[in-house]
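One chain, chain A, links the two complexes that follow: it is found with chain B in the first and with chain C in the second.
Take a look at the complex of A and B:
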């Protein structure tokens, strides 16, 4: 089944009904439950803005699993542990973080089944709740479901209303997706074993589009189909092309955001850029929340970023300088550092400045494949680098 | 299958009560960011980030006479000591407890004939409970202020998540002014700064009583060591200008305790220690009040406590040592408890753990002394009803006479140390800074060499020229 695309849906009626897009991911989880030590997912706990990490321990719990809650951006890759066989449902940025952790021997590729979800971006929950209250006059507690479709963010209220706004419009007004999601250019998680989503499926049917990338993914899907957990069919050729087209449009939009958000920094003279970085970092209070939130940084308490003299008088603290260097070839742009910063420093922007420049020079994009060795590690820099 | 337990909780580090998820997995505890929390959008300060470490230092066993004893034996000994105490007694909780626990403590204190205090009696005495507490009636008070005046406070160091809120409201057009010691970070979220030495802030604010902009919001630290004269002065400004005040405290649920009317002393902790030394107070019940490790003059406090007939300590976070006469009853960590909290902005919050905490321990202690306590649900219902009724009333400020200012013993004497700097911090540098502030405040030379701090310099975060500025008179 490897290298192939399918339309899929859950074999069991209740999972088809409760799961998103026909419940194919729920069916897959039900199928792998007995073969892995841990199955890590997001579980909804209240409104569409509230969820928690959850380890599935029974098929009964699958109905509460949430694949794509756009207003929840919990970073799940943190929960993987070395030597533990784990199936995990991930967004592309989380999957990229897992790949980076595999390269650093914090996780073994053969131990994990990565079930990826296509992702057009996630929303900051508090700001989105504020938007609902101020723009629609609706209490966040009255939202039954949310969806991003055809460039619109749509909320469905418990009393049957449908509230929709164009994402472009929202983002111009300072709402919409998290900033890092706007310029993220990985929308289909091809580094996973299987990528799942509703792009390229008939609008009137509840179906998931599945793309298999690895032998492990093929085996998992085959077992799910054989066990009756998932049913599959050939995808319509036209709609499969639509999926690619959607991906292309979203990547193009992301490149536009990259230009808009990172471009001004990149266009600066080096001295001016350095001054801008100094200014951006000046409010730092040394809480290290960015480091705690970073899914790639796993050095522990001995990390070099902690070994600088705390009383140094350097314009950029060694803590940030070491992190810029470390993450230049491993930052996956997930934006967790910006989310965590109590002083609202746009850390993801700053890290991406270095990471995108590095990517531009070397062609290396972190988190895309376990086989990609970072240029700094292999030592074969491009001429003139 | 490996299980993972998530508890939605709030950080006990200060009165902001930031939302946080505590994750238990195979005996290990970790922190997850609770991004949907309206208070902090999941963001945490250093103390919040290190909460798992803080919760890792638990008082797990009961102690009596300096040795481990069974819980039952400790309860019996505590009841006996309290019953046979010859003089007045005080029950003190600085606020790291649920409203239900505070209410249980107040019921217990009533039955046992103890006075109750949150360590803020000097503020209450100066301005009255109503003015102090009923000033903030809406959780979004910061968002609605046209002008915010920061008085003797540097939120970036003391309450970082408050600093963030200030930055955000300033972007929306709120004017933010600071008065007090100059700090580097104030420039990130203030429009104007009036640097002055802490000893001059009360005087400097005098002009505000007549000339300040009306309907402003004053943000003032108001902890155990806070100066009641400053509280009174801000009260008078609010009375004269129809402004409001946000009295920020170091401990989690002070507002819950105040709503229950738990402050019955007319003096603060220093006064309490003096009363113990004078023999006026002979029994003390401490609930989540880690004064043995964090009281400014810990040796004096320790010595005073040794003279008590009864010293009963209900505590979750472990202290390095207790006086030999202390009877210690362990409490579950904050995040494992159930109950409600009120944060500094009057937001009602829920702790979703399962443990009754001090309610259960006080019930056992009360039973051993011959007076019972209702089941948890009944206690919770009564506490909630009292709090709700209290919050529904609206009070106005009335001018008061200024009490004498606290003695100026050194620069920065009025810094209210906060958990971000001192409590449970694994970073010795941060802890040292906090203790430096304590030491300077009390003129002690244990942690800092006085000569390092020039007379005309406001002591700031570090003894670092970048962070210290010459005094400038307020104009």
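Take a look at the complex of A and C:
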């Protein structure tokens, strides 16, 4: 196969009809089932706000699964098991979490086929439902489909209505995307085997833009094409450039949000910042839900964050202090900790503060390549000492 | 009451503990503010130990080991360097400040250097004042 960028769509008519953007991902999944034990995806269980993790081991029912839903921010990387050959459909943050797990030998790279989806951000379900009720006067149960396109969040109701709002406007009003998505600067998952998305495709046609990054990805796509599961064509040059441009705009917006949300913290005097972190953590009830939800935290029950006595009256609990340390080298900014926290502590925000500070000095970005050595595991000759 | 810094020093068994011994047998004076904890290798100093020291009220932490190339375990102190660099960023972000942490190499013959390092670091911490954690009245 020539080139690394394609336009693709499902070979089978019903997948093409049913799947998002021409069903190329569904076609690909149906094909990889012949060489992988299972495929992990999500399946809608009702409205666009609810889904369950679904493991497919046969192509049956493939038309009913989803790659991702904007208002369901499940972390699929939790469901990978060591030793199973698995294909998995991931958002960039999930893919980065898988890479971090591969670095720490919790997953073997050759066992997994990472099918990435371009991601402009996900939505917090509760706030979004509230917005639908108060601003549009629509019951969240009546939403058939949601979409983010051209900077707008669009809802389609079951009776054919189309409700659209600019994301900027929403976010100014305190709605819109999840906080961690706003300042996430990885929009096309280049650490995956294949990245898929509808950016850079003609709007009226149902087509997926596929970019292949690895040999395993190329082999999977080739098998899918040979087996008639997916059809591909060369992408239009102009639209391929549009895809890059969309990515550029999104990343620039994300940098703006980083400036806005993390900037004030970093501009504080050290003493003030310590006070701010201390105040933010004060409501913690020690339920450890953030750790449970964290896709990169896999030390298990022996983790050092559990070694301290919870009765110690330390200024910041050892639990959080150690987690800040561990996540400084591995936080992928997925925001699961903030979502899980019953006391609504902005944990993702705090962890990103540390991770971005380290990234700013060294350029080390977690989850981008299996070849990067985590800083705390380094043992190479130190230059300048 | 005047402020007396409380400093935790992590020493490796082979070089810097030898240096501290040397300082003692040579009757060198150095400030008594330092509390010494001996490790088999500076590469054993887990970043958590440093963080816990600060959380439990240390005003400063010293990490010391053999010179690069002299490590008893060949490359244990390479790891120390990477952790030290990492911890500096961590302490800066948390708001404690990286100047409260220091890394020094002292061979077993460098008793005078050890004494001088302790004296200099104690002075530095004295200037910085108590750790911001301490003022929380734990």
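Keep this in mind: the second predicted complex is superposed on the first by the 375 of 385 C-alpha atoms of A that agree within 3 Å, B and C clash if a C-alpha of one lies under 4 Å from a C-alpha of the other, contacts with A are read in each partner's own complex, and residues count from 1 in each chain.
Just so we're on the same page, a residue touches a chain if its C-beta (ideal position, glycine included) is under 8 Å from a C-beta of that chain, and two chains touch if they have at least 3 such contacts.
Owing to the predicted nature of the structure, the values given are computational and were not obtained by experimental measurement.
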Side-by-side fit of chain B and chain C on chain A, or clash: fit
Touching partner for A:136 - first (chain B), second (chain C), both, neither: neither
First (chain B), second (chain C), both or neither touched by A:126: first
Which superposed partner A:289 touches (first chain B, second chain C, both, neither): first
Partner chain(s) touched by A:344 [first = chain B, second = chain C, both, neither]: first
Which superposed partner A:270 touches (first chain B, second chain C, both, neither): second
First, second, both or neither for A:278, with chain B first and chain C second: second
Chain B and chain C, minimum CA distance [Å, superposed model]: 9
On chain A, the residue positions that both chain B and chain C contact, one per complex: 313
Residues of chain A that touch chain C when the two form their complex: 268, 270-275, 277-278, 304, 307-308, 313-316, 318, 321-322, 324-325, 328-329, 353-354, 357-358, 361, 375-376, 378-382, 385
In the complex, chain A residues that touch chain B: 37-39, 45, 47, 49-50, 52-57, 71-74, 79, 84, 124-127, 129, 282-283, 285-289, 292-293, 310-311, 313, 339-344
Chain C residues touching chain A - in the complex, by the definition given at the top: 46-48, 51-52, 55-56, 68, 75, 78-79, 81-83, 85-86, 89-90, 92-97, 132-133, 136, 138
Residue ranges of chain B in contact with chain A within the complex: 1-4, 6, 8, 21, 23, 25, 31-33, 35-38, 40-46, 48-49, 156-157, 160-161, 163-164, 167-168, 185, 188, 429, 462, 464, 466
